[in-house]
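One structure, pasted below without further comment.
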Amino acid sequence: MPAFHAHVEVTHRPGIADPAGATVERALPALGYTNVAQVHIGKTINLVVDAPDAQSARDQVTEMCERLLANPVIEAYEVVIS
Amino acid sequence: MAEPRDEQPLHRRLGLTDDELAAVVEELGREPTHLELAMYSVMWSEHCSYKSSRAFLSRFPTEAPWVLVGPGEGAGVVDIGDGLAVAVRIESHNHPSAVEPYQGAATGVGGIIRDIFSMGARPIALMDPLRFGSLDDARTRYLFEGVVSGISGYGNSVGVPTVGGEAVFDDTYRGNPLVNVFCLGILPTERLVLARAEGPGNLAVLLGSSTGRDGIGGASVLASASFEAGDEAKRPSVQVGDPFEEKRLIEACIELVDAKLAVGVQDLGAAGLSCAASETAAKAGAGMDVDVARVTKREPGMNPVEVLTSESQERMLAIVEPADLDAVLALARRWEIRATVVGRVTDSARFRVYEGLFDAVGVAGENPEPPIGDAAPEISSDVPPIADVPVGSLGDGPLYHRPFARPAGQDVLQAADPGPPLRDEFPAGADLSGELLALLATPTIADKTWVSRQYDHQLFLNTVAGPGADAAVLRVKGTAKALALSTDGKARFCRLDPRTGGRLVVLEAARNVACSGARPIALVNCLNFGNPEHPEVMWHFSEVVEGMSEACEALGIPVVGGNVSFYNASGDDDIDPTPVAGVVGLIDELRDPPPGARLRPGDDIVVLGEIRPALGGSEWAAIVHRLDGGMPPVADLERARAVHELVASLVRDRSISGVHDVSDGGLAVALAEMAVAGEVGIRVELHFDGCTPAEACFGEPASVVVCAVNPHETAAVCGAAAAAGVPARVVGVAAGDRLIAKGVFDVALTDATHAWRDALPALMHPR
Amino acid sequence: MTVRVGVVLFPGTNCELDVQYAVEQLGGSAELLWHADDTTNGVDAIVVPGGFAHGDYLRTGAIARFSPVMNAVGEHARAGGPVIGICNGFQVLCEAHLLPGALQKNAGLKFLCETVALRVETVSTALTNLARVGDVLRVPINHFEGNYVCDERTLEELRAEERVVVRYVDNPNGSLDDIAGICNSEGNVVGLMPHPERASDALLGSNDGVVLLKSLLAAATTGATMLV
Amino acid sequence: MPAFHAHVEVTHRPGIADPAGATVERALPALGYTNVAQVHIGKTINLVVDAPDAQSARDQVTEMCERLLANPVIEAYEVVIS
């Protein structure tokens, strides 16, 4: 079975606070960056999955996101298969 | 050196001198193979072989009836009665932390914990003596923040509480922070297990992480040559800690030993598998064959040199009888840790490395696959070894008697007594209020809650006194006993006079322990020094060891372990000699919490011990007024013993309601800290013969302790002091909302509290 | 007969022995429930204790919720049996959808180990049935991810149904609406970040957590009946 | 000054252990995913930066990565400006 490379980006759902992003945003001016805004910090998960075709690879990874890789309560995710 | 590194012969590139190579050739009777050379180079590095320090360390007193295991093992072990023993050890991770503060500190914690559970003990407490340059430097703040996060991130997750430590700030550590970690474990005495590979035919099982290229020549190389922080060339050796792997290793290894499934256990630390496998065999007077093909590799294409010298974290070696292998593998599966037979004990008295031997001859196997073949067939010798050395030779490296010499400038340094200039600037009658507030706000003295709140210091429900107390106090569940722990070091004293400084370091740690009502039963030391090729450094070293030994003898404390870290310097500036002492004390019966360093309204304030001029190396002279010179405080060992025993007994029968020793910042700071903790002011008179008010307030004489005493008890306490031959003076009372020393200082309690509490957060989060 | 409390043990859990000790000090009996076993051994109450299940990797509680034992815990909860999640256990219960919302990194991105003041907000739960509304308890927190979040609707629900069990008097971590602990609509499943077992002995500084652990034992004896 | 959107992806340098990725990889088979390998977990930072032009935006964000957003000793990073 061919192997596909999956790139998952997990971000906060709009409206859900992002403490990490906020903290970094607060830290930047002290380093002299007064021109930065809307800092958001997310996660990436890269993995290799064996699947008959790209579509079923995407479906499986999407399912992994729903079940494990992301928490739909607070997070959104995006899957890129290559 | 002139020659660019890569044009040098292999042995030099690996850090071996020409003489050391010659010794290897003589040992083998032939030229070493590349693998052999690599193993000798890591095993004979300063870090692993103690080649510069061994000659001196034998000076330490190590005997006491309750000592079960002294120096030279994974950890020292002492009997505390009730069928229990404690294992203690202290280690440095200075250089890795200078390269990558978070991971450097984290892996330091991981390493010291493995030393403890390799003895069969459950690690129950960490302490982290830390030293950095001054916090106005951005890089230093980055290092401090990173190191604290690393200890927090690893220690909390692996499940060992950090119950105390130190955070000292002095320019001498600017380019070279000191990250020492102390760990204590507890075990039923009969569970004690040593790193011995007994019994030819027994199997060496590698437990835990896979073996990667991370940390190739890591700790040993990093810790064995001076370098500039951030040095590119050192980066490949940066290791990432995995506290989750280590947590499972702890549980698995303790179960293993509990079930008597291991003949011996050894952690893989510096020099990785070559050290663990050869050392366990050498100590048992046996031999060891290792098959690199059996080692699970994290990356493809790793060669035997990399596998044998990798310092990948979270790995242990267990020596197992063939009949027990299945049980061991099952236990490993249950805890989801990798377990692989990588070696077997022989009677050859040689350490041999093979590639692909075990499968060929069917030595039993690996988890998760079930073991294959017969556990102990005769090894057919048609597979040639790729390394074959006398088993003891790796462990017994060269012994150097490095030249040592008193620094040329020592007399000048000692003559530069800060007393006279400070007496001129602050004569009797001068208002010292501002000086007191300034001292309370120096990072070394200021409240360390910013650090300790990042550490789980309560896990296991033992912590009776945690961060903030003179000594951490841990109850021992199932008994009436408790343990008291303190780590201390004072480099400036050691630089001014290393012999006295060495004594003072031991005295302070022991004094802190006494303040919790404990009697000292063991000491471990971490000796952080500069370049041992500098005769001045070796002089400092020998004098410090002598001074510490004298103090230990006088107080009857056995030294059960230690660690030496040389090459602490940036460029050619060696750090001040920095011995750190970790003292373990035993409280035979703990019913309620010790009094602690606080005042209660209405208490009399009693000073035990002798206040005399002692500004040399003090925080006030050296940090606030930049007057670094003179002589350190007098270290009267007999007086120290008397004071410690007196204080411990007063605490034991609770005839005092609060107690705090005088250390950094002197008497005035000790009083202020007790007032802040008790949320009550003081009214005192600080006139002591032979001292100006400033000397009485801010000098740091040894063996002085402040007690808060219920007025009904005052006479009795002073009587006890007299009987013990210890000077006692009632200096005033705890009352009101100001700190008032008549004619000396007058500060609002709230101002003192803010100066002390807000200093570190303000420095770390500049607004 | 003594109440049997099951304490769930995942790889990486580290407060299981503390909870066991505290429960036994109060006269209950506590046994460990191994993550890989799909059973609660018929215990009367369950505590999912603190620690770092699976290293907290990926997300706190994300991997642990798939452990076989969590099926059994879920059934126990649906049958009305008391289930308390402490710290990491709270995070696991959220991931397992036995409680709504999630716990994020503390505002300020620092681990916090300190004693905080908690206000009891409701007493019809397995954790607070012996306490009084308005009681202020001093209990240690010990977490990096204790910053409670949920969507608007869930928050409205929690408020309307009085399912905020304990609030911080002085919010240490940025939690939404100062939430330190919540419960399900039946009150038999409770999650909180603070550690009652660390406040169960005056020798260690506070025993304000005892009323919470006793409430759990009480809820276990009377079963679901007394709740709501 | 125009505002640029910066997307930073931070990953472990090759050869540096990735315990989080390894742990997720170990957990997946239990969820029925036996066909997944080489799981690596990284970090993304999205932010908006004001700069005269795309190049100087890139330069500034790269500098932020070196100083704050990434840890160059063990992490590699990639900056995309749009």
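Labels A, B, C and D are assigned to the chains in the order they are written; within every chain, residues are numbered from 1.
Everything that follows uses one rule, which is that a residue touches a chain if its C-beta (ideal position, glycine included) is under 8 Å from a C-beta of that chain, and two chains touch if they have at least 3 such contacts.
Just so we're clear, the structure is a prediction, and the values are computed from it rather than from any experiment.
**Q** Considering B-C alongside A-C, which chain pair is linked by more C-beta pairs in contact?
**A** More contacting C-beta pairs are found at B-C.
**Q** Please report how many Å separate the Cα centroid of chain A from that of chain D, as a whole number.
**A** About 10 Å, centre to centre.
**Q** Taking each chain's centre as the mean of its CA atoms, how far is chain A from chain C in angstrom?
**A** Spacing between the chain centres: roughly 29 Å.
**Q** Just the number, please: Cα centre separation of chain A and chain B in whole Å.
**A** The computed centroid separation for chain A versus chain B comes out at 41 Å.
**Q** What whole-Å value do you get for the distance between chain B and chain C if each is reduced to the mean of its CA atoms?
**A** Here chain B and chain C have centroids separated by 36 Å.
**Q** Using the touch definition from the top, which residues of chain C touch two or more other chains?
**A** Each of 54-55, 57-58, 63, 66 in chain C touches at least two other chains.
**Q** Got the chain D residues that touch at least 2 other chains?
**A** In chain D, 19, 23-24, 27, 31, 41 touch at least two other chains.
**Q** Which parts of chain B, given as residue numbers and ranges, touch two or more other chains?
**A** In chain B, the residues touching two or more other chains are 242, 244-245, 336.
**Q** Answer with line, ring, star, complete or other to describe the graph linking chains that touch.
**A** The chain contacts form none of line, ring, star or complete graph.
**Q** Can you check the complex and tell me which residues of chain B touch chain C?
**A** The touching residues are 152-153, 156-157, 159, 242-245, 247-248, 335-336, 452-461, 463-464, 475, 477, 590, 592-593.
**Q** Which residues, counting only chain D, touch chain C once they are in their complex?
**A** On the chain D side, the touching residues are 19-20, 23-24, 27, 30-31, 41.
**Q** Chain A touches which residues of chain D in the complex?
**A** 1, 3, 9, 11, 21, 24-25, 27-28, 31, 33, 35-51, 60, 64, 67-69
**Q** Touching residues of chain A toward chain C in the complex: what are they?
**A** My answer: residues 15-17, 19-20, 22-23, 68-69, 71, 73-74.
**Q** Within their complex, state which residues of chain B touch chain D.
**A** Counting only chain B, the residues touching chain D are 99-100, 102-103, 209, 212-214, 230, 235-236, 238-242, 244-245, 298-299, 312-313, 336.
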